[in-house]
Every structure is written in structure tokens, then in C-alpha cells.
Amino acid sequence: MLLDPDGRPTAAGKAALPAGEELLRGLAGMVTARRFNEQASALVRQGRLAVYPSSYGQEACQVAAAQVLADGDWLFPTYRDTAAAVARGVDPVEVLGLLKGDWHSGYDPYERRVAPLTTPLATQLPHAVGVAHAARLRGESTVVLAICGDGGTSEGDFHEALNFAAVFRAPVVFFVQNNQYAISVPLARQSAAPSLAHKGVGYGIPGEQVDGNDLAALLDVLSRAVERARAGAGPQLVEGRTYRMQAHTNADDATRYRTDDEVAGWAAKDPLVRLETYLRAEGVLDDAHAAAFAEAAEQVARRTRDGINQDVEPNPDDLFGYVFAQPTPQLVEQRALVRDELSREEARS
Amino acid sequence: MLLDPDGRPTAAGKAALPAGEELLRGLAGMVTARRFNEQASALVRQGRLAVYPSSYGQEACQVAAAQVLADGDWLFPTYRDTAAAVARGVDPVEVLGLLKGDWHSGYDPYERRVAPLTTPLATQLPHAVGVAHAARLRGESTVVLAICGDGGTSEGDFHEALNFAAVFRAPVVFFVQNNQYAISVPLARQSAAPSLAHKGVGYGIPGEQVDGNDLAALLDVLSRAVERARAGAGPQLVEGRTYRMQAHTNADDATRYRTDDEVAGWAAKDPLVRLETYLRAEGVLDDAHAAAFAEAAEQVARRTRDGINQDVEPNPDDLFGYVFAQPTPQLVEQRALVRDELSREEARS
Amino acid sequence: MTSVTSMTSAAVEHETLSTAQAINRALRDAMAEDPTVLVLGEDVGALGGVFRVTDGLTAQFGEDRCFDTPLAEAGIAGFAVGLAMNGMRPVIEMQFDAFAYPAFEQVVSHIAKMRNRTRGRVGLPLVIRVPYAGGIGGVEHHCDSSESYYAHTPGLHVVAPSNPSDAYSLLREAIASPDPVVFLEPKKLYWAKGDVALGNAREPGIGTAVVRRRGSDATLIAYGPSVPVALEAAEVAARDGRSLQVVDLRSIVPFDDATVCAAVESTGRAVVIAEAAGFASIASEIAARVSERCFHSLSAPVRRVTGFDIPYPPPKLEHIQLPSVDRILDAVDDLQWEDA
Amino acid sequence: MTSVTSMTSAAVEHETLSTAQAINRALRDAMAEDPTVLVLGEDVGALGGVFRVTDGLTAQFGEDRCFDTPLAEAGIAGFAVGLAMNGMRPVIEMQFDAFAYPAFEQVVSHIAKMRNRTRGRVGLPLVIRVPYAGGIGGVEHHCDSSESYYAHTPGLHVVAPSNPSDAYSLLREAIASPDPVVFLEPKKLYWAKGDVALGNAREPGIGTAVVRRRGSDATLIAYGPSVPVALEAAEVAARDGRSLQVVDLRSIVPFDDATVCAAVESTGRAVVIAEAAGFASIASEIAARVSERCFHSLSAPVRRVTGFDIPYPPPKLEHIQLPSVDRILDAVDDLQWEDA
């Protein structure tokens, strides 16, 4: 921890706090991320998104994950990390594509080097290692930051990915966003380890735990991990301890498995408030900044709203067009069948 | 290490050496295991077994894994641990069933509480946890010892099994028989961890490394782990460092990936010689014992030879009889087809 | 295949339940009757499952009987193997179809093979519950029809109810079975209500198909979520004067050749309906079997109305993939009626 | 489907090689031509693979190009996804058929779906080599015919050579393909020698079946290890005066309907042959397709000679499971010749 929950620098913080510039950028990102979370949740209520797993309360992790990376680096998000993808510059409407239901991945992963958001937990981690290894084989200095939930650490793919990364000394930072729950299952039923950061030991990977609601500490720890990986020292595991303030998704009922008190306790550790308090106290942040940040966030919210509210007529032909580079004769036949059916349907109506 | 490679007690050994009785039993077991390994390899050369993955050189691990268990406990072997199954009292001919090719598992797993030998690596580990948990739910004091190779630790199933065991505090001792190779792949390319015992840390499971060619040390460490598990203190991970003295199986050519020097270095650490030297020096072992052990081993070898040399005509009906408790109508039809075909074949000849 | 337990009482209790409630009730009744029945998986405890299918089981039976596991499907399946080896009857929940794939090796290499491997000494009385198939607007990986993978694997029983009453009775029988059963729960039918016959009087048993609607012109063969669509198609066809028969397979393995063949022979024409991608699927099997066994009764080739050979579409396009009444009726129209 | 690269040279080099050597040569030639081709898996480096298929590749191309991975199949497949996303063309080896199952989720949920998921932005040019099927006296889990799992999964190409020359050419084409290809290597043919046309002139391409033997009475449809058995059956039948035609599919996905249907229509009778358990398999698909598409040309039901619906037998009983010349000829005899 570099800032305590009340926004005061800790002893460590006094030595290691990132530059005010960096922190301001981070705060701006968090304000946008928070607003984006709120907007997306509203869109679910309005029936414009099928589902939304909110990262409300986890904005420090979301923003830090993007902020520590260079343009040539890669981010591998989980399905919850839409705000991180937005922080990395992916169009917010495209980010929500999966959850809107138009298509699976709404954005081009190569454009901002953000892997597609998908739901099978931990399965993206070995991909991250492969991307990192390929870059290294070509002598590029790419670093890959791959996010995973506390629940995801129980999957075999987590294990295999960390082991591959360690054995190949791949430049990957594994960032476990420990928000204390996997849907309804609390950390204590997920793992008996002293911490999730301890999971690095069995692979020979350094593990570090960090307060996941302290943007300053996250930037510090993650950027050191990224630069270490870039320098060729191999992978690292970082556990950010945070909290999923809302239900798993809009479809979930969190009151079935956790208490209001617990939630209130974490509300008091809000990452935005903490950083804002500090930056104001230091005189780095003034009202003009704050207003500008809010306005930038509002723009993202507006763009999100407008984009998601736009109905694009999906094209059934697309279902057959991307299965392979060239459709098989079977797919050509099936596409013709659908076209025929739809044209007859149209003729009828 | 309780005994050094030359069979002299180490400082630790002086305090912790198991009783002479136990060590004698262990030596007897190792003599049988060694003879069994030689016999099985000979049977492969004679074309009586399809394949044999020998545990030559690993006899201390094989015997200790069986010796530390009570009758009501369970042993989960890998495909290499035929000698451990024999040490636990499974009929040696039945143990080799899989490798002879008559059927898959040659023995009744419930008879001596030894799970079937199968080849998919690490997949038996979650089974072991389930067996242990079921016993615990019924309030039984069963402990399960599950073996796994160094290579097997890289599989997702290893990870998931250890995590389940830790979270459920299941009475399982995971015994990693680190023989330095997974077929041709040396440990250094399998893992970058300081030791395989370190793999316990990430699950909150105590890990201990032990000289896998030192039967005394193995008995000491494993039996403490077993009793700890029995007492309800949860799972433990034990890494036995040993060496696969022969090729992976008869079909393998180990000269492609390791040097004679390396093999010779380990030959000097033979587990049988080490224990025998000590027991003779202590006056616990005399020639009469040694002769009796050799004779007992010879009996097992004879029984193995005789049994494996016996050709049992396999019954094609069996293929359809055990798929389900009741064959489906489809299987009944298919069995009839085979019967018909075979009877016509017989008629023709 | 006869039912494992036979009819025990004449007076059967009835209740109106949704499919999800019927499954819940089956679990509850089985757990009450047999203390070795355990329910486990991700979020099945306090939460009661993401579809609330296990709601209240932990409260009623305690944490030893219904409990959450760590998030690892291979681990869950493998752990269940051990439980079943050691006297328990585990019922495991895979949260969604596509999230059962990490357990594939445990299912194929151990669960399906253990009895055979050990010459019948180690049977695995376990049930794998898989909420499956589409029609609920789920995002990628939440709508796979994975049944063909299981049905192709020797050693697994595979059943799929099409209504709440079968959901109850097939699950009771699956839990009582000495063999592993993949129990496919059509997600889109979770909320569909119907009359449910309770109790352990389980007739017809696993392995028995049922003719849901009699008809004389052509036979629709379906299972799980496609049965209601087939019935609707038959209803619409009836208005146009075409009499369609509907067979509900209920059990895919074992397969009820007798009922299916008799139905097809009585009409001389058949359409097979399933949501899964068609290539090398259960629908292929049914079409191949029927074409072979009813060859001389067939007046037209057996048609298949299945999912296309594409990854399951995003929500806004899933209606294209799902067998619809229109597609079924088109296939029926194609059955070369001019020859009839 | 046309070949990705077209015929480039008129004079093609030929060599006599075993299937294993042909595959080795294909890897070597592809690696020499394209520095992004990587070979990885368990024991593929110093050892050269348990079947020596990758022998010498590390020596020739260095450890960056052909290397051993940790022992974890899901890891290998997932790692390959990342390599392919980032400019490489990985060729991964699954040591044996059944040991590919731990990778199932990566194969089904990512490898098969990535191009579609991203609207064609992220293609995965990777090859999954699977030594598969039986006939080598292997113990449990070493002889599975797992092809139906892959063929049923939309998004994967699935090919199976039946001879050294196809092993070479199909693998060259698989490596050059922009899409993931499951390359099935019939283990029992590893040591079979034959003439191999080298070079990257790959005709006929993936997606094309070939009539291996012309005949007029019935058509045998086979792929991979069943092709030589079918050819032998045709040889034996010829002595008895029956003229059997043999189609070698080579490619299962895409499927060559045109060649298969033309062949079946020319004979009016068909037998499908495959080692895999028959239920809901590729053989089911072929039988269903042929029955549907060639309906009016068929003089008898399409018969299937496949593995039974049982776990693969132990070595001493595998001859019962494998389609044999006798079983094929029995099926041919059953094709209702009295009507002809």
C-alpha cells in the first residue's frame, strides 16, 4: 500500500509514489471507468445489453492494468475487464459487443493489442504466454499483461500457463484481480493458500500482493513487473486485492451469499476517493481537473450510450463468412439454405 | 536424508531412523521390487508383455509408498508404479494385466485398495481426493497416498487436485516421484521452481523434499505425512528425488537425451545397496535374511513369469459385458454380430 | 432396457412445476431417500446455482451433502470419480455446456471407461448435469449443444428431457443408475411449467422413447429443447391437413430403435431435429440408423433440421441457428410428396 | 475447396518414404521454406518424438524452431493459440490420441472459434498433429479414434492421410492453411512405405476425396487407416467376381460431397468404413449424407462397418474392434444383391 484508505501516503508511499502526472492520468482513467461501469449497468436495465459484469469498485485495477503498458504491449482481459480495455483505448461500444449480442468480439484485437474478451475462465492465460513467446522469438520487447480472477486461479489453465511462462521465461505479467468472490464462492472456499501471490512459488515466479484499491501502489508494482519482464527476467505474478462491489452480473443476487456489512466495509476503501483525496491534499488535483475528468468520462458514457442504442441489423450471412478463411462447400450450401428461407419469409410478409 | 549414499546414517538419521524391523521389511520389499522389475523387463524382451515402464532404481519410493499405508488406506499409482502395487500385496500377474494386453486393469481395485493403473498422467490425483473426501464424510480414518511423476506435476489435474485437497482438507498425501525425466524431458524443462516440493505453497499445503533413494528417509517423511493426514491436518506434498535408471520403457532410447555419466552417477546411489550396507553394518541384516529376501523375491518373479507365460484365451464377449451394468440394446446387437462372425469364421476353418 | 426400479406405488403424487423446479425436486427427493447422494459444483451451495436448480439443498441437507467446489471442472469431475469409487452417488453440475469441456478428459478417459476397465468391479454411479443448448440469448460459450461429444463416447448414458415431468423422472433414474449418466438440461425449458409425476415410480425408464403425438404422414424425431418445436410444427401442419407424428427420444444412449423404427415405418417419411451443429452429430446417427433400418419403408430421404456447422451465433442471430417451425415444415415439404 | 498454393513446378521430386518419414519431411520442408513454422510438443526435441516423426528437426533448425514443452496438453494448445495470434505457424504434437483430451477446451472453445469470434481478424494458422487409431497393440488410451469429436466441432479442418504421399502433401497444405487443421496420423501406417511426391505442389488439395480403385458393384468409403483395409477387401472381392470401388476421403472437413456422391451413384450401393465407435460418428454422417443425397440411386441401405460402441479394447482383443476384410465383405454381402 502506498496510500492508505483515507488517501494518506504510507511510509512506503512516501518513497515510492509515482509522479503526480501519472497519478492524475490514473485518476482520470478511474473516473471514466466508474462512469463506464454505471453507464453499462444502466444499459442492461434498459434492455440494451444482454448482461453486464461490472468492475465497479475495481477501477484502480482496471486502469492500472492498461496504464502500465506501452503501445506495443498486449493486454489479455477477462470477461469482466471491459473498463480495462476502454482504458487501453478500445472503443467502448466495440468493447461491449459481446455483451450486446451483435457479435462475439466487437473489436479488432490487433488494433490496440487487446485480446478478445471471452468467458471461459483462465483459458486466455496460455494464449498470453504464446503471444509473449512469439514476440521474444522475434527479438521484440513486447510485454503481455494477462488478467485473471481469484476464481480463475483454480483452473488447470492457470497452472499450465504460469508453468509455461516460467520455463520459457516469457515476458508475461499475470495480474490476479482478487475481488474476493467467484460469483458466490468466497476466496476461502477457492484456496487455502496464504495468498494468491504465493501461487508463484511453485513455478519459480516471483509473486507480489498489492492493495488493489490503491492506484498508486498498483502502478508501482505492475510497472516494475512489466519492466522486469521487458528486461528479460521472466514472468511475474501480481495479486491485487480488491472487491466486487456489485453482484456478479445484473442477473445475480449477491444478498444470497454475502452481508451488507461486508460490502459497506469495502465501500469505505473506494479507490477513486482515496486517490482523489490524496491528489487534492497535495494540490496536484484542482476543480478544473476534476471537471475535465468528469467531462471526459461523460463523453465516453455518451459515446457508449449512443453506440449501444444504435441498432445495427445483423447480417445472417456473417454466420457463414468467418468460420474459415474460405467457406467449405457445406457452409456455402447452408448459407444458401438460410438465404432462401429468409427471402421466402420476406416474400410472405 | 537419513542415510547417505554410502549407507551411513547422517546426523538427522541418527535421531530419526525408523526401527530396524521396518527397515528390514523395506529392504525385503525392495529386493522383491528389483527382482520384479528385472523379471518384467525380461518378459518384454521375450514378447510376453507389450511394454514395461520399469521402476528400476526407484524401488525405495515404490516400497515406501506401500509400506507407510494401513490396510484401510488407498494407494493411487501411476502407470510406472507396478512394483508399488505388488509391494501393497496385489498379485504381480494381475498388476501386469494392462501391460500384457489381456485387459485394462488386471486386478480388483477394492481388494487391496489400489486404484487401477492407467496412463493419462495426473488424472488419478483428483480421484484420490474424492476417495479421501468420501471416507472423511463417513468419518473413516482412511488416508490416500497418490503418486505422480515430475512430468505429471505440469498437468492441470495436478493443480486442481492439490487445490481441492487443500480446500476440503482431504487426507491425501501427494507423493511426487521425481525421477528427473518425463520420457526425454529433463526436470529443468519441466519446471523452473526451486523444487517440486515448493509446489505445495500455492495451495497452502506443506511440501517436503526427501532423498528418494533413501528408504529410511522416505519411510520417515511419508509416514509422518500419512499420520498427519489421518489426524485431520489435511493434505501434504512429498517430493522424492530419485532417478529412472533405465529408459522410459523398453521402446525408448535414452541415449538420445542423456549421458552415460549421468546414469553412472545415479547408479552409485542405488537404494538397495545403501540400505543393505547400513543394515549389515548395524548387524540387523545377516546372510540368512538376505537369502530369505532373495528367495521371496524369486518366488514373486516365478509367479510373475508363470502367470504371464500362461495364455488365457480372451473372450470377445467381455468387450460388451462391462461397458454398462446392463448392456444397451445396441451393445446386445453388436455382440450378436461378433458372435455370428466368429462362429462363421470357426466354421470356415 | 428396463427401468432400474420398477413401479412401486399405484397412487402417484402430482404437482405443477417448472423444469428447473422439477430438477430441484428430483435432487431433493433423491437426497432424502439416499444419504450417499451428494450435489456439488460451482455455486450450487448458498447461491443455489446460477439457474437456482439447487436452491435450498444446502439449507435442507447441510454442507456435506450439497456444496461448492473450487472453480475447476476437471477437478470436479475427477473428484466425483473418487467419491463414486468410494460409496457415494455424486451429482455434479457443470455451470454451462461449454464450461464442461475442461472436464472432457476426465469424462472420456475415466468416467466412461472405469467400469469396463475394471471388468465391472468399479462402477461409477454419478450424474453429470449439463445445462445445455440455446434459445436464451446467452453470450458465446453459454449455448453449446455438446451432446454429440458425449453420445459418441462409449460408456456414458446420455439423456435429455423435453418437459418437467421427464426432467424429474429421468433425473431420479439417472441418480439411481449404477452407471454414469450425462443429464442434459435444456436451458430454454427451465422456466416452462408442466404437470410432474413425483416419486420413484419411473416409467418409462431411461432407454425408452415416447411418441408424443400420433400422425400418419411423416415422423418428426427430436429430443430435449427441439421437442416442443416439433410439436408446434405438427400443430401448424395439422391446420394445413398434414398429419405429423412426433417422437421424443428422451434417451440418446441407450437408443430406442424399436420405437423410432416403428414410428418411421408407420409414416414412411422422417425428419430429424436437433439444435447441435449437424455434422457428425446425434442427428447424423439417427438419420443413418433410420435410413438403414427402415430402408424399404421410406418414401423419401430422411431429412435433418439441425444447427448449421458454425460456432453458436451471438444472441441477435441465434434464431437463424435454431431449428424453427418454418425450417421443420420446409423439410417436411421436401419429403417428395409428389411420389406419395 | 481449391488448394491454397497452386502447382508451382512441373517436375516433381519423388522419394520412397514411410508415413512417419513423409511427415518428418513435410515438417522439414515447411520449416525450411517458412521461418514462422514452429514444431512443439512433448518429447519432440532431442528425442524426435516417440514415433520419431520430428527426428532431427531441432538439430537442423535449432531449439527456437522445434522444442519440448512442459507436459500439459491444454497448455500446449493454448500456447499455440498465442503463437499463432502473433505471427507464427505452430505445429503441435499431441503424443497420442487420448492425451489430446486435456486440450479439448482450448481446441473447441478457442482454436475452432477464434476466426469467427473476431470476424476474421484473428486467424489461427496452426496444425494439431494427432497420432491416432489402433492396430499397434497399444494399451488403454493409446488407440482412440477421436476424429469425430473434432469433425463435429465447427471451425476445424480435419484431415487423415491413408498413405505416405498424402501424409506429406496434406501436411504441407495443413501448415500453409490460414485455418486450424487437425491432422490425424494413423499410427499403424507410420511404418508403411510408399512413393512420395515432394515439394509444395499440393494437388489434390484439402477437401478433395480420391477414388483409389474403380469398381461397379458397390462403393467402399473410408479414410485414414481404413483405406488399406478397404483396398484389400476390394482385392479379395474381385477374386470372387465382385467389383468394389474404393473412395479415400482424405479430408473429412471439408467434405467432398461431389466425389462421394458420384461414386455411390455409379454403383448404387455403399459401405462406410471407420475404426471409431460408430454411434454419432463421422461414419454416421457419411451414411446419413449418402442416404439423403443419393436416395434414388440406392439399391440397398448404406451399411457401416465401424468400431463397436465400446471403449477401445486391450491389445489381445483389438482385432475384434477393427474393421476387417471379413467384416467389410460381410457388409457387402448384405447389400441385398437379390434385388439387383
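Here the chain labels run A, B, C and D in written order, and each chain numbers its own residues starting at 1.
Following the convention adopted for this analysis, a residue touches a chain if its C-beta (ideal position, glycine included) is under 8 Å from a C-beta of that chain, and two chains touch if they have at least 3 such contacts.
A quick note: this is a predicted structure, and the numbers were derived from the prediction, not measured.
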item: Pair sharing more residue contacts (C-beta pairs) when A-C is set against A-D; value: A-D
item: Maximum centroid distance from chain A, chain identifier (CA atoms); value: B
item: Where chain B and chain D are represented by their mean Cα positions, the distance between them in whole Å; value: 36
item: Approximate Å spacing (C-alpha centroids) for the pair chain A, chain D; value: 40
item: Length of the line joining the C-alpha centres of chain C and chain D, rounded to whole Å; value: 31
item: Per-residue overlap in chain C, given as positions that touch at least 2 other chains; value: 70, 72, 74-75, 98, 101-102, 105, 109, 113, 116-117, 140-141, 154-155, 253, 255, 279, 308-311
item: In chain A, residues with contacts to at least two other chains; value: 103-104, 118, 120, 154-157, 159-160, 163, 167, 189-191, 318, 323, 328, 330
item: Residue numbers on chain C that touch chain D, as the complex places them; value: 74, 98, 101-102, 104-105, 108-109, 112-113, 116-117, 140-141, 148-149, 151-155, 253, 255, 276-277, 279-285, 287-288, 291-293, 295, 298, 300-304, 308-311
item: Parts of chain B lying in touch with chain A, wherever the complex brings them together; value: 154-160, 163, 166-167, 169, 189-194, 198-205, 234
item: Interfacial residue positions of chain A with respect to chain D in the complex; value: 103-105, 108-110, 115-116, 118, 120, 123, 125-135, 137-138, 156-157, 159-161, 163-164, 167, 318, 321-326, 328-330
item: Of all residues in chain B, those that touch chain D in their complex; value: 50-51, 98-99, 101-104, 118-121, 151-152, 154-157, 182-185, 189-191, 251-253, 256-257, 314, 316, 318-320, 323, 328, 330-331, 334, 338, 341, 345
item: Chain B contact footprint on chain D (complex, rising order); value: 42-43, 45-48, 50, 68, 70-75, 98-99, 101-102, 137-142, 279, 308-311, 313-317, 320-321, 326-327, 330
